[in-house]
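In this document, chain identifiers A, B, C, D, E and F correspond to the written order of the chains, with residue numbering beginning at 1 in each.
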Amino acid sequence: MSSKSALIVSAHAADFVWRAGGAIALHAKKGYDVTVICLSYGERGESAKLWKQEGMDLETVKVARRKEAEAAAKALDVHDIQFFDLGDYPLDLSSEARDRLVDSIRAVQPSFMVSHSLWDPYNTDHMNTTRFVLEARMVAQAWGHNPGEKVLGAPQLYLFEPHQTEQMGWKPDTFLDITEVWEKKRAAIECMQGQEHLWDFYTNVAKNRANHFRRNSGGQAGGRKAEYAEGFQSMFPRTVDEL
Amino acid sequence: MSSKSALIVSAHAADFVWRAGGAIALHAKKGYDVTVICLSYGERGESAKLWKQEGMDLETVKVARRKEAEAAAKALDVHDIQFFDLGDYPLDLSSEARDRLVDSIRAVQPSFMVSHSLWDPYNTDHMNTTRFVLEARMVAQAWGHNPGEKVLGAPQLYLFEPHQTEQMGWKPDTFLDITEVWEKKRAAIECMQGQEHLWDFYTNVAKNRANHFRRNSGGQAGGRKAEYAEGFQSMFPRTVDEL
Amino acid sequence: MSSKSALIVSAHAADFVWRAGGAIALHAKKGYDVTVICLSYGERGESAKLWKQEGMDLETVKVARRKEAEAAAKALDVHDIQFFDLGDYPLDLSSEARDRLVDSIRAVQPSFMVSHSLWDPYNTDHMNTTRFVLEARMVAQAWGHNPGEKVLGAPQLYLFEPHQTEQMGWKPDTFLDITEVWEKKRAAIECMQGQEHLWDFYTNVAKNRANHFRRNSGGQAGGRKAEYAEGFQSMFPRTVDEL
Amino acid sequence: MSSKSALIVSAHAADFVWRAGGAIALHAKKGYDVTVICLSYGERGESAKLWKQEGMDLETVKVARRKEAEAAAKALDVHDIQFFDLGDYPLDLSSEARDRLVDSIRAVQPSFMVSHSLWDPYNTDHMNTTRFVLEARMVAQAWGHNPGEKVLGAPQLYLFEPHQTEQMGWKPDTFLDITEVWEKKRAAIECMQGQEHLWDFYTNVAKNRANHFRRNSGGQAGGRKAEYAEGFQSMFPRTVDEL
Amino acid sequence: MSSKSALIVSAHAADFVWRAGGAIALHAKKGYDVTVICLSYGERGESAKLWKQEGMDLETVKVARRKEAEAAAKALDVHDIQFFDLGDYPLDLSSEARDRLVDSIRAVQPSFMVSHSLWDPYNTDHMNTTRFVLEARMVAQAWGHNPGEKVLGAPQLYLFEPHQTEQMGWKPDTFLDITEVWEKKRAAIECMQGQEHLWDFYTNVAKNRANHFRRNSGGQAGGRKAEYAEGFQSMFPRTVDEL
Amino acid sequence: MSSKSALIVSAHAADFVWRAGGAIALHAKKGYDVTVICLSYGERGESAKLWKQEGMDLETVKVARRKEAEAAAKALDVHDIQFFDLGDYPLDLSSEARDRLVDSIRAVQPSFMVSHSLWDPYNTDHMNTTRFVLEARMVAQAWGHNPGEKVLGAPQLYLFEPHQTEQMGWKPDTFLDITEVWEKKRAAIECMQGQEHLWDFYTNVAKNRANHFRRNSGGQAGGRKAEYAEGFQSMFPRTVDEL
């Protein structure tokens, strides 16, 4: 496998779109194979619009949500999307699920991983996912887990932007210019038929993060003209050859 | 001015050596013009060995400290070293001193700046320097300060490693491999005749930070074989094209 | 159901008395239906006085603790008190227990909820309860959980005052004047026969929190003459029409 | 003076508009006399567009900035706007300036005050203003300062929304629905001719904060339909009669 | 000088009584020479009761406050009490005042120092005092400050208990049993005629801190029977021979 | 049992050596019975060198790791070493394991306990162990857990030094001089044949922590000449008779 790869772990089916859609499309464009894992469809907790319909049932919701997520993944040029179907609100994060995630991590051998914020009092699925990813990352690094497999190195784990960032204690240390793939992100966003109330919200976020990008890349004295951006918080230190 | 440049602001004459000597030598080697500003000589507070000599006086200490700092700067291939002579323990951080620092910042137009940690209950000079640098950086960005001069962009401010890192609330997010310039850093360290008790301390730091470098660049599964490293904390977010 | 309602979730049988007894009695007086859920009786960990008696057994302790809690609830005009009997030290917070809590939350439809601090290294039951309540609150909001039931809105979760507040990282942002119901709270406190050593402790707390109330409501220049108060930390932001 | 009053302290001439314009207009509509104090015009640091004009000088910038601020204040129905003209980048926060601020605070006797975030590494004027306001508030409460004057009570100090909230460690605990005065805020924003690049930025902020308002006031299950909102962080605890 | 010594730095005349009176009396009893420095009399900001009297003037308030403080110091067996008379609300912390404090520190050569919390948004004098003490401690350690004098070692700086501890971010890590000197502390408290409203408040504090002492010294299984205690936060790490 | 005792809980077989070997040997020398509990052998995650050998299997790794740990324990004069064999990466922290730990705690009746840092994103086993220890400590204090047994008092829980301290949010508040037992610690370290790359790393740590010891015990003006030290963070406040 010669290309670079990245792995996004999303608690519910739509999270990867709002929060990292630009990063996904941009890295796909750069030649990365980007894999998305949705731990659940968000079928119980993030599908209010569907449940308000008469006679709705769980299976129908899951199918609808999966279709949306697959369409969004396609719009973003995702290499592979996996649905773990662990249930939601709350997620059932068993040791079997963890080993499955470890298998995926080792298969992908990501250059970097992306998941949720460390804290989310509104949605414990989100913060439990991050803990779960940290644990799986650790197991994937263990030489004694499925000996003979290629162990994981030490990829960065980026935490993508949560809703209500300040309540989550999330602080971005990295802004990514997604201007050149914005149309793809907007297209993916529009696949989320059940959450139309968030389309403009996350468009505003992307525009305002671009303002932050400009401020930090030079400001009035030559900041780059990014029009859309995404923010990420790094879990681990970077190792560099030049500051 | 076509080359890149960097600016280090050191509260006392020796701080830049222990804490950023590797970064200085490495960037000099990469073609950066590195300027070091020492706000004081550390003549009162960091020259105990000299003061223990019979009949010592302030001017003699300052001269001795300056010589050491100049020798260290030379060993590190510093482009320019400036001594603001503001007094130490405590520093006298006047508005005149600030404007002088602004002038230097604008003259250098650094790609990045480096200074102290945000908190230091042992040494208020250190944390006051960081505040002072933040203020000067802001003034240097103001179009109305000395109109007509080239204003500053938005360079990163790295906080170099303080003594007793955990007491200072300092958390490195960037490890720099300084292996190829280690000999220069050690030579600069040995210029600090008055603080020989710290030579091995900071050699140990460099070796152990290299262990951290390796852990974060791949660990047992291929981390780079850095032998000496330095850690830095970033004050501002990065702006990037690729995660 | 036309009246307002509130829900208190207490890890052990007595917690709601010391920490929120005033809030309970006051809101009952204002016409709220206040429901208290005790996840355990505190039978193993908070009944030392009983266990020091010859021949004591678990069932006897539980009965005694339940009686005390019921008496206290009556003194505070609690609308309904529920005992989940999950065991204590540690609590057994199963998914069944969580669904039971979700049922109660949905049945009560509280205007606000009250529970423990986020951190408690002395007593992991306390902090685990808060996490458990956050998870149940999230599930109660899910349209796909028991479809057809009335889903929960977004009630505030107040964290009541822990023992040794500073060790718990608890910071009150709301002081409630409980002067007019103090006699009820003291009566409830005195129902806790097994923990008489805490009666005066929590009376002192109430008096000192009233001092804080006065400081924050106007100080020497007209602070309200509250004599007894309780403090609470809010988990979520408030939404208001006037500052 | 029978009406209620509020006091906003703005480091530079435009800060009060972007960050608290809605709160100002809303409380004016509710009958509050709202006073705004601009410590400087932002003449050196926040007037890049003017300085890029040929032959610009400080006095001209100050006049232009003052006109914009006065126009914005009028659009927001500000009762009184005061310009302390302390210089900017950096502010000159002398003891005379502090006593002047104390005089204004005592004259206004505000029900609440509003100022900047506690931390801002990009702009030390902002955080220095907050410290300065805390100090002036303390002096205004002192019975021995200008004895005989009416001393200040204990008004809340709200910290309005900074730029790049997460970098400032700012966490809103209060969302204010400003829908009914949005047109006024937008009109005030458009008075800021020199910073047109921020008009849409702060419109996006207001829309997205309304989303947060809805999430916290009931969410999908009946959150109020706020369309524009502002967020604030409280410095002090609230004192209440009902949770 | 063979006896041990301690130094308390109090922003206003009464602070040392409420917050460290027990520690003072206890260490005096153990043979320490305890010196108290009051930076101000609290004449403007903490003497409301006096200022409410007809025709009061600053000098009269200062005299009254000084008498109270001296009486309290006597009750606590203070070795020496010094009044720096720097003014209050706000304190005027000049470089002359700092050098005077350095002189006192060097003269006392304290085994430990005690002062205020690091943060206090209600009272900037308090937190400014702590910064001032840290700076003076640093200068007192400088071999080049008044060469020939005995330099300071590295005494612990304890932060005594502020009012409204949680708002100040103060977290005690040390509880001191003051039972055997409680009567002295109460007597000193009663010297504070102008602040009678705080007598019972701080008696409650002492009783409740004793509960915390018992909890941390063994709890129900043999915690020491302290009846009165004080809490302190350490600024620096301890150095020990046994855990 | 008349001697004092201490209990160290180590997630993996080698952790107690690197992080608390000096404290163990020193307290053994002082007459403490020191018990070490290894929750796992670190067989999967911390035995890379063994797994790189052809044909390695889990049982062989566990035996090898156990031998190393036993040899190290002997070198440190450990009184008793217990292997819980819970598996690693991740640990299986069941309620049975917890009750077993409670039994050990009660049997040992430690004067103090030692375990891992509260946070470790690299290794969730470490932070899960600390939570597990806090829970077991709480259960061991419960009079209703195995009534009739001697309940636990309130021993301090020290958190030993993690790898990459700043990433773990670990802040030492206690430095222990281990100079007199350094040879024993180095001997124990050299028992860890599989992790030779860490021998010098932790020797450097011990030397540099001794520098910190000296800084905090008197500095240039008489700090004790410790040559090797270990740092610890306290979970709970101390209770003292003298500051």
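The rule we apply is simple: a residue touches a chain if its C-beta (ideal position, glycine included) is under 8 Å from a C-beta of that chain, and two chains touch if they have at least 3 such contacts.
Remember, predicted model here, so these are calculated numbers, not experimental data.
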Joint neighbours of subunit F and subunit C, given as chain labels: A, E
Path length in the contact graph (subunit D to subunit F, fewest steps): 2
Numbering shared by both copies at the subunit E-subunit B contact, with half separating same from different: different
Remotest chain, subunit C as reference, centres from CA atoms: B
From subunit D, the most remote chain by mean C-alpha position: F
Gap in Å, rounded to a whole number, between the CA centres of subunit F and subunit A: 37
Residue list for subunit E, restricted to those that touch at least two other chains: 48, 122, 141, 143, 167, 172, 212, 215, 220, 236-237
Pairs of chains, among all present, that meet the touch criterion: A-B, A-C, A-D, A-F, B-D, B-E, B-F, C-D, C-E, C-F, D-E, E-F
Interfacial residue positions of subunit D with respect to subunit E in the complex: 98, 131, 134-135, 138-139, 141-145, 147, 157, 235-237
Subunit B-touching residues of subunit F, taken from the complex the two chains share: 48, 122, 163-167, 170-172, 197, 200-201, 204-205, 207-208, 211-212, 215, 220
Residue ranges of subunit D in contact with subunit C within the complex: 6, 23, 26-27, 30, 112, 114, 141, 143, 150-154, 156, 158, 172-177, 212-213, 215-224, 226, 231-232, 234, 236-243
Sites on subunit C touched by subunit F in the complex: 43-45, 47-48, 51-52, 56, 58, 61, 88-90, 121-125, 167
